[in-house]
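Below are structures written as structure tokens.
The following pair of complexes shares a single chain, subunit A, combined with subunit B in the former and subunit C in the latter.
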Partner chain A sequence: MSATSTPAIRSAIGAFKPEAFAAHLASLPPLPSWWIERKRAAYERFAGLPLPARTDEAWRFSNLSGVALEGFAPAASGPSAPAISMGIKKSARLTFANGALISRETLDPALEKQGVIIDSLRNALTRHGDLVREHLLAQPARLGSAKFTALHEAFLSDGAFIHVPKGIQIELPVGIFSHALGDGIAVFPHTLVVAGENARVSVVEYFGSGGDEENQLAIGANDLYAGHGAQVTYVGKQDWSHRALALQSNSTVVRRDARVQSLNLHLGGRQVRHESLSQLQAPGAFSEMLSLSVAHGEQEFDQRTLQIHQAPDTKSDLLYKNALLDRARTIFSGLIVVDPDAQRTDAYQSNRNLMLSEDAEANSLPGLEIQANDVRCTHGATTSRIDPEQEFYLQSRGIAKAQADELLTFGFFEEVLNRLASDELHAALRALIQTKFKR
Partner chain B sequence: MQPPSETLSSAADETVMENPTVGIDQTKGDFQYKVDYAFDAGTGLSEDTVRYISSVKKEAPWILEFRLNALKKFLSMPMPTHWATKDLDNIDFAKIRYYLSQGQKPKRTWDEVPDDIKKTFERLGIPEQERKFLAGVEAQFDSEAAYSNIKDIVAKQGVIFVNSTEGLREHPELFRKWFGKVIPTGDNKFSALNSAVFSGGSFIYVPKGVKVAQPLQAYFRINAENFGQFERTLIIADEGAEVTYMEGCTAPKFSTSTLHSAVVELVALKGAKIQYITVQNWANNVFNLVTKRGVAHEEAEIKWIDCNIGSRLTMKYPGVVLKGERARGEVISIALANDGQHQDTGAKMVHAANNTTSNIVAKSISVGQGRSTYRGVVHIPKHLKGCKNNTECDALLINTNSRTDTYPAITVRGDRNYVQHEASVSKVNEEMIFYMQQRGLTEGQAMSLAVNGFINDLARQFPMEYSVELKRLIDLEMEGSVG
Partner chain C sequence: MASLVIKDLHASIGDKPIVKGLSLTINSGEVHAIMGPNGTGKSTLAKVIAGHPDYTVTGGDVLLDGKSVLEQEADERARAGLFLAFQYPSEIPGVSIANFLRAAVQARMAEGEEIDAAAYYKRLYARMDMLKIDRKFTSRSVNEGFSGGEKKRCEILQMAILEPKFALMDETDSGLDIDALRIVSEGVNTLRGPGLGVLMITHYQRLLNYIVPDFVHVLYDGRIVKSGDKSLALELEAKGYDWVKRELAAANA
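Now for the complex of A and B:
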């Protein structure tokens, strides 16, 4: 464990003092009172909970001294967002800068007629209050970040809301851009996706900063809800500033015969904690959890996952791959929980670490808690370098070592990228990863 | 300081009815003799308890100091319930008796052992086993070794096999150097407790190049209610030496819980080999909280074969510190958890030199409401190269309400090491059971065969006698678990 002591001066609320919270509330337009009450309660929870300590199992191996809340201020809305291309065709596009909606474009006019809602959370809170209330941050924070999820709820100013009604299928993905612009700012991005019965939707979200030197705090969350027979695909591309502290908490609920695929790509950030909770609540539910990360410099990627099988005949499949360069650190801590009645569960969990440097450090904590006997649960974790024989083969064909290593690293990622149904998305992610290697 | 007042009858009668699951060794081990203890440290733990133990043993001042220092550490350390089971909070340290002894010195022949203690050991079958093939036996009855014997041939080779009190008193030059070095007092709360009140256990030294052909063996037995057993074992295999050590544990079933908290340290010097075999079958109200670790120097090999069938809660993660180049560490672990039992076992492999290899194979079986847990640490720090670890954990769940958990932690630095971990959870294959039933076996017999098949490749690594016993034990545990 690299962080053995935490400086005593660190305060549990940091810059998020009661005055800051009051100012945040004052900055909001009129919103339903239940929401304001929930925010107040969340702020109390946040302020009452301690910062993670060395004895917290959920934070084992994490660099705790890096988790500090001092010196940030919730961003005042304002600057215009930089133009970023995702390299894919989209059905709609929402752009946020410093927590404020900058633009909303519906590129497919058929959507509105079908009753699809792609809007800001603020609008949805007043126009579709019941739906939002049912799903927004409705799941328990079970992976260690209860304090930060509460902070997120307290300071959440705006986010994306996507609702696809029963039987509607959207072919092209919805694009969401979340920008944090400026030094010392804090952002609280949120995406809420509710897919009705047999609906289908895919969402691609991009997180980025104005520049790589900006010291920022990003405390984000998302809620994915897949109703009976629904299919949801979510791709998150995290490319925050290399001086950002990012804590993201994602929650997925999968109902009967529904299917959710999520893929999170981690490139940016100084210290990134990413928690993913997947709840399989009814027979036939399937959750596929994928992640790719390229960690370099002094970056720390700390990923915590929980697959909970709450009903019989459910399936989950997790594959997290990390490539580590320089002095980077990664932590993968995953847990499969099979509840006592969840017979015939099929759960898989795999963490693969590719070491590309002598100084990198990979930590794996793949866990199982099984309380039903008729199950198939396996997990695996491996940590190794590039296979010297494969490297030698490429070199013998005249390919330079650096290029051979890059090819083999992409080969390592390909197993994850191949799980995506969309070739276009596959190519776009590949290109984005390449930019990191070129830096 | 009163002698215990338990009587023999109650425990023996109830065995079969009350605890049908613990089977074979339980009928052997679940009996108790009224013993008049000459030395009894009373209940509760204080500086006086520690001073009492030390004075009864006529220890050198440095040992008393070591004990008192350990007591301070024990009292200052929190219970590790932030990661371990809350069941630990049910241990009442104030109600435990920390030292009981009849004041006997270890006897060298069976005839010299007092009759009542002999009766206990005869029921455990120790002399027969010794006659068969064991090179030496050290049996511990409550706090002190009651009987020990090394066959002449082993003694002639210069092997020292004594209890911890004797070892520290008569061979301080050999044992003090390593005593408490592999497992520091403050390693965990229970190693600190052991360091404060330890008594009994084996001290073994195998000289350079000596290969002990037959296994050395120890039996541990708790006879008194509310008693805590804190034996301390240190085995040193000098350069090129080889030794196998086997221990077995039993206790009668008392109505209140009992604590067993041992510390076992192994030192394998250059090229040495130590194999340490445990078959733990405590009654299922014993808290079994044991720290076991070995240091393997250059080209040395340490292998733990750890089998846990008894106890209410076992927390035990045998470890190897791979200190010298090309050292090798291995843990073979079998755990069987039945109703009311939690087997929290695993392994620790700390790589500290280049080209070291480690292997962990753990298999657990959960029956009824039993819970088995694998917890492991594999650590490969900075700038090492050529280190390899392989970990395999398989869990078998017999009943619908059985439970299993797996919590490994793997840290690897650098790009020149290879680590792989795999775990699986499954139930017994129905087709296999169907096939066997179709060939005339009952469902219970088929289930027993399947479970034995599941651990067969590990059980084969046990000495014959133990693997036969293990198989019978599993047959009995499986009785009534199906249908």
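Now for the complex of A and C:
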């Protein structure tokens, strides 16, 4: 084997030197000391951990030379953000630019009366410290990105905090916009959703850059907590610059009889890693994990998932679909873990890849780790090409090959989009995916 | 007046020649039936004209309004005015009939031009009513889970919406019960007119009771070996294809 292609100058901390961390702390307003202490500890963990190595099973098939932290600076302040429409009606809207909250609109006046909190994480740290402390980055980073989750915690400047108290149901989604604007900047977006007992909330988050040529680093995380009987829907629309390196860690905790549905759409980025952890902690808990990706050019989408069944009578259902064009690469590595007393677990995991190019590459590593004896677990992965007879059928109606492939891709995605209860959201996601085919 | 001219066409799949010197001219307004025993190249002929990538044209030409279509992709030929009604239409999961037809109509418009949705749906529903297709079908996936009759009606619906100059109908009667055959035939007869030429491929004479052709041709071994008017179809029905084979053998003897 020849020498590794990793540049010698690639250091484990890259641009995130102690001076940069000190400058970040100095830029913060007064915040609770426990939080500052946690940030300091996180920075130490980040600095002490090595970059992922070829031998790390959790990074198998990943392009490690693309995971470099040089040349970025945490964004100092938020410029004005571009106006983006999600194409859906919302109950509230938070907009962040380069990590700073730049606008907060409550569109449904009933929310405040009901005790719903939709605010910045900074405000929540001061005003709802206990709730934040209990849930913010409280779950272990088990999917390989402990170093980057620590970096996220250390440099996390601001994010979204949504708390829906017991029994309150919000019909319209809360919209969150996270913009990274400018070349060479690093952003650390965070969304924390806490749904109390029998609460219901839906959150739609958009991640985007100022332009497709901006070289950026986005290290994001979210925490979704669904209390007893709560229903949480989360839709993440990732549309970063095509030169961005994005590493995202999502963690979902589902309590008794609660239900969480998440759908992550991946369109942008040069190299994107998305880790998703679902913990089914009490009987009746259900987590539905969905993903759609359109990878083109030389994009790499690297998805790692973990469904942990920690209690009996829990259910999880994962369906990740990738459409690959050009020389794009995808990696799916999923694991279902069933703890010894999690009897009658019902777990499903499926990764399907549609190859629209001979040169694309889809890697799939489904896995099971079952320690209970009365369970139903199925997993599978398929990779298929466009059916030439379907393509000819569409072409014979006057539809050019590229449009035919786009239609067939939407046909392939429909199974996932149909899982959404909202027709409006379904249509908005279709429209956003269409923009990728028009580029 | 538009014309579809097939000139001494030769086509193969792999190394195997299937169409072996076929010539035929169809003018708009005319309905031509091509009949023949199984395995003589009927379906291949339709696919070759439509531009299926599995077939190679090894000689001759196909001219639409005097212009060769052989260098064109299937979608260009379709936009130029050709339509293939498939014997076995593909099922396309997840793609609704409404979206599919919209894409096909949009493909015929100039760049930047948008479909008038209200007018489009009005026309679509009128055609669906004509073909006795439930309007709920628009939200169903193309051909998925359709019965044989539903698939064929859906083919005719597409033809009615896309308004081709020439339709190649490949065994449109196969798999149809008598009621479905009547509905499909009525649909085709409604579309018949001076602006449409039809090449109807069929194994059985039955279809020709419903869609009466102007010309009937017998295809055998990749060539047209006999042509006539609608009475030729009746003669074939009475005497069987062996009659043509015997005549041919006698002529070649």
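One rule holds for everything that comes next: the second predicted complex is superposed on the first by the 428 of 439 C-alpha atoms of A that agree within 3 Å, B and C clash if a C-alpha of one lies under 4 Å from a C-alpha of the other, contacts with A are read in each partner's own complex, and residues count from 1 in each chain.
Heads up, the rule we're going with is that a contact is a pair of C-beta atoms (placed from the backbone, for glycine too) under 8 Å apart; a residue touches a chain by one contact, two chains touch by 3 or more.
Computed from a predicted model, the values in this text were never measured in an experiment.
Of the two partner chains placed by the overlay, only subunit C lies in contact with A:E415; subunit B stays clear of it.
Look at A:S396: by the touch rule set out above, it reaches subunit C but stays clear of subunit B.
In the superposition on chain A, A:N373 makes contact with subunit B only, not with subunit C.
In the superposition on chain A, contact is made by A:L407 with subunit C only, not with subunit B. One of subunit B and subunit C touches more residues of subunit A, and that partner is B. Of the two partner chains placed by superposition, only subunit C is touched by A:P388; subunit B is not. Contact with subunit B, but none with subunit C, is seen for A:E361 once the two complexes are overlaid on the shared chain.
Considering their complex, residues 82-83, 382-383, 395, 397-427 of subunit B touch subunit A.
Residues 387-390, 392-401, 403-404, 407-408, 410-415 of subunit A are the ones that touch subunit C when the two sit in their complex. Those residues of subunit A that touch subunit B in the complex are listed here as 55-57, 60-61, 340, 343, 353, 355-386.
For subunit C in complex with subunit A, the touching residues are 50-53, 73-75, 78-79, 83-84, 86, 89-90, 92-95, 99-100, 103-104, 107-108, 141, 158, 162.
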